[in-house]
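You will see two complexes here that share chain A, one where it goes with chain B and one where it goes with chain C.
What follows is the complex of A and B.
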C-alpha cells in the first residue's frame, strides 16, 4: 500500500469518525431545548377528575407513566380549537409508536354545549384516543383556576348565542405526573413533536 | 374527489357597475375538515385589492352554512378571544388582507353539510366598494387539513 493510499484511508476514517461523533454521540450529551415554557413543579400536577367522553369519570392518576397533554377548548369554537386539535393529531401521527404513551385531553370550557357524547363524537374525528372531559361549570372553573387557565362566556350574536374566550395554551404533564411544560396555542407540529419526543 | 355542488346565490344590485372591483381578487380559499357534529367551521382566503377604490368584505352566503358571520380571533396574553366584525373586513385599495387561522375568518354557523377533506364549497363573498355599491365575488373553497 502506497503512502498516498494510506493517507487517504486515514483521512476517510477520520471523516467517518467525526461524522459519527457529530451526528450520533454529541446530540446525546446536549440538553434538549424546549419550545414550551419549562415548569419546575415541587408537587405533582393538580388532579383533573371529571366526566369523560367515554361516559366514565377519569382523573390524571389514570394516566400513570404517560405524558398527558391538556387543552382547554370547546366544540362550538370554529377556528382555534380545531386548529390546535389538528396540530395535536399531526404530532401524534409523527410520533408513531411513541405516542402509545401519550394521552391528549381536552377539558371543555363550554359544559352547557359539550356533553360527553358531543365530546366523544367531536374529538373522535381528530383521533379516537383523544379524551374529552367535562363537568359542572364550577368543577371546570376549579380545575382551570389551579392550572392558571382563564375562560369566560362572551356575548355573541343571535346566531352564535355566546362565544367562550379561553386560554389557548397546552399543558404538558410528564410521566411522573408533574406539570412540565406550558406550550403556546400556535405551536407548530414539529415543535410539539420535538418536545413530546424528548419527554416520551 | 368528492365534490359538493352548491348552487350559487348571486346578489345582484341594480345599478352596480362593478368597475371598481376590477382589481379585487380572492385567492387560495380554504376551510378545515370538521367533525360532523360540529355546528361551526371557518373559511380562510387571501383578498387582494389592486384597484383604486377601497373595498369591504361585508358578508357571505353559501348553502353549506345557514348563517355566516365575519369574525376575528385575537390572542391576548395567551387568551384567545373571538369577536364578530359587524362592520366587515376592510380591504383598502392597494392592500392584501389575509384571512387565516388565529385571525380574520369567515365563520360558518349551523353547518348544513359535512366538510370532508377533498370537498369543495362554493361561497359568494359580498363586498361594498368605496361608493357604497355592493358586488359579489364567487369562490370555491377547498376543504383541506393544513
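What follows is the complex of A and C.
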C-alpha cells in the first residue's frame, strides 16, 4: 500500500470517527438532550422563602449544592397534583442513591387550607423527604408570578370544596442555584429520571 | 564476503517511521481537526439561529379590554409580544405601541406555522376600566383579539411587570407613570425569548419580525432528529 493511499485511508477513518463523535457521541454525552425546556438564565433562580411543612422557614439558599425540583400544587388537588407527585416519587426511587442530592419542594397555591401540618401529612403519603412550603397569599402569588405560575380559586363540589386552577409544571434548579429546566406536569418517570440523572 | 565483514549499521533494525507516518496518529489528528472545524463552522456560520431562552415569563391573570379574565395559561401555545403603557400616556409617549402596530400589520411576512402570534399591551394603571382600555386600544388599532389591552390590580402589576417582565415603572405624584419602554417576546412555552428595551426605532420592526420568524422556524422544525441541531444551536449560542 502506497504512503499516499495509506494517508488517505487514515484521513477517511478520521473523518468517519469525527462524524460519529459529532452526531452520536457529542449529543449523548456532552450536551444531553433534555426533555424539559432548558433555560439559559444569566441570573440565579428567584428565591422562594416561605414556611415549610417541618415548621421552620426555608429558602432556596438552604439547598446549596442540591438539585431542587419545584412544583406548585395543593393538598385538596383532585387529579394532577397526586399524579405529578407520584411520578416524582417513582423518579426518586429509580434514581436510588443519586437522589440524596435532590430536594423536591411543593409550594402550596392554597394557603388558606394548606397548613404546614397538612402539607407534611399529605406529602408524607408520597415521600417523607418531600418538602411543602406555604405562606400568605401575597407571598405565594409573588413567588408564583416569577416562576410563570398562574393560580386562581374556582368553584368545586360539596365534596371537594373550592378548587384551585393552577399551572402544572416542574421547575428544576441546578446545583448552582440557576433555573435550568422547565418540564410539563405530565412528564414520564423515565424522562424525569433521564434529565435529573444528568443534572445530579 | 563473509558475514563478519558486514558493517554493523547494515544489520541494525530499521529506524521507526516518524509519528506523522503512523496511520493511527493521522486518524487521530484528522478526527480532532474535523471536530474542531465542525464546531467552528457551526459557531461562525451559524447554519441554524435560535433566540436565547432567557427566563420564564410571569404567570398572571389579567382583565382585558372586554372585561374578560385572561391568564398566562390562555396564551400558552402562542408566540406573544408584550408591551406596556398607561392610558394617560400622551404624545410623545415613549410606549412602543406604534412599533407594535407596525409589527402586527406585517406579521403575515413571517411564517410561524400553526403557532398563532398574539400582541398584548399591559397598562401600568390598575384603575383603568375596560372602557378606558378599549379607547386606548381603538386609538392604536388593536382589535381586541389578536392584539388586546389588559390590566390587573396594582399590587399584582408590580409583580407581573416589575418582577416578571423586569420592566421598571413607577406612579408619579401627578398620576402619570415613569417607565422604561420595552417590548418582550415570549414563546408558546411561556419562556422569554427576546427583550427590546430602549426607545424603539422604526428598524426595530424589522428586527423583531426577523426574531419572530426565527422563533417560528424553531417551533416548526425542532421536533424529532432536527431537534438535536436546534439544541446544538442553543449550546453554541447561535443567536442573531
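One rule holds for everything that comes next: the second predicted complex is superposed on the first by the 168 of 200 C-alpha atoms of A that agree within 3 Å, B and C clash if a C-alpha of one lies under 4 Å from a C-alpha of the other, contacts with A are read in each partner's own complex, and residues count from 1 in each chain.
We adopt the following convention: a residue touches a chain if its C-beta (ideal position, glycine included) is under 8 Å from a C-beta of that chain, and two chains touch if they have at least 3 such contacts.
Source: prediction; values computed, not measured.
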{"item": "Which of chain B and chain C A:82 touches, first, second, both or neither", "value": "first"}
{"item": "First, second, both or neither for A:6, with chain B first and chain C second", "value": "second"}
{"item": "Partner chain in contact with A:122 - chain B first, chain C second, else both or neither", "value": "first"}
{"item": "Which superposed partner A:150 touches (first chain B, second chain C, both, neither)", "value": "both"}
{"item": "Touched partner set for A:57, first chain B, second chain C, both or neither", "value": "neither"}
{"item": "Partner chain(s) touched by A:163 [first = chain B, second = chain C, both, neither]", "value": "first"}
{"item": "First (chain B), second (chain C), both or neither touched by A:138", "value": "second"}
{"item": "Which of chain B and chain C A:188 touches, first, second, both or neither", "value": "neither"}
{"item": "Touching partner for A:15 - first (chain B), second (chain C), both, neither", "value": "second"}
{"item": "Shared contact residues on chain A - chain B and chain C", "value": "150, 167"}
{"item": "Residue ranges of chain C touching chain A (in the complex, touch as defined)", "value": "21, 23-24, 26-35, 38, 52-61, 71-73, 155-156, 159-160, 163-164, 189-191, 227-228, 231-232, 234-235"}
{"item": "Residues on chain B engaged by chain A in the complex (per definition of touch)", "value": "32-42, 66-67, 69, 71, 73, 75, 78-84, 101-102, 105, 107-110, 145"}
{"item": "Contact footprint of chain C on chain A as seen in their complex", "value": "3, 6-7, 9-11, 13-15, 17-19, 21-23, 27, 31, 33-34, 37-43, 46, 138, 141-142, 144-152, 167, 171, 179, 182"}
{"item": "Footprint of chain B on chain A - complex, ascending", "value": "75-80, 82-83, 86, 118, 121-122, 124-126, 150, 154, 156-157, 159-160, 163, 165-169, 184-186"}
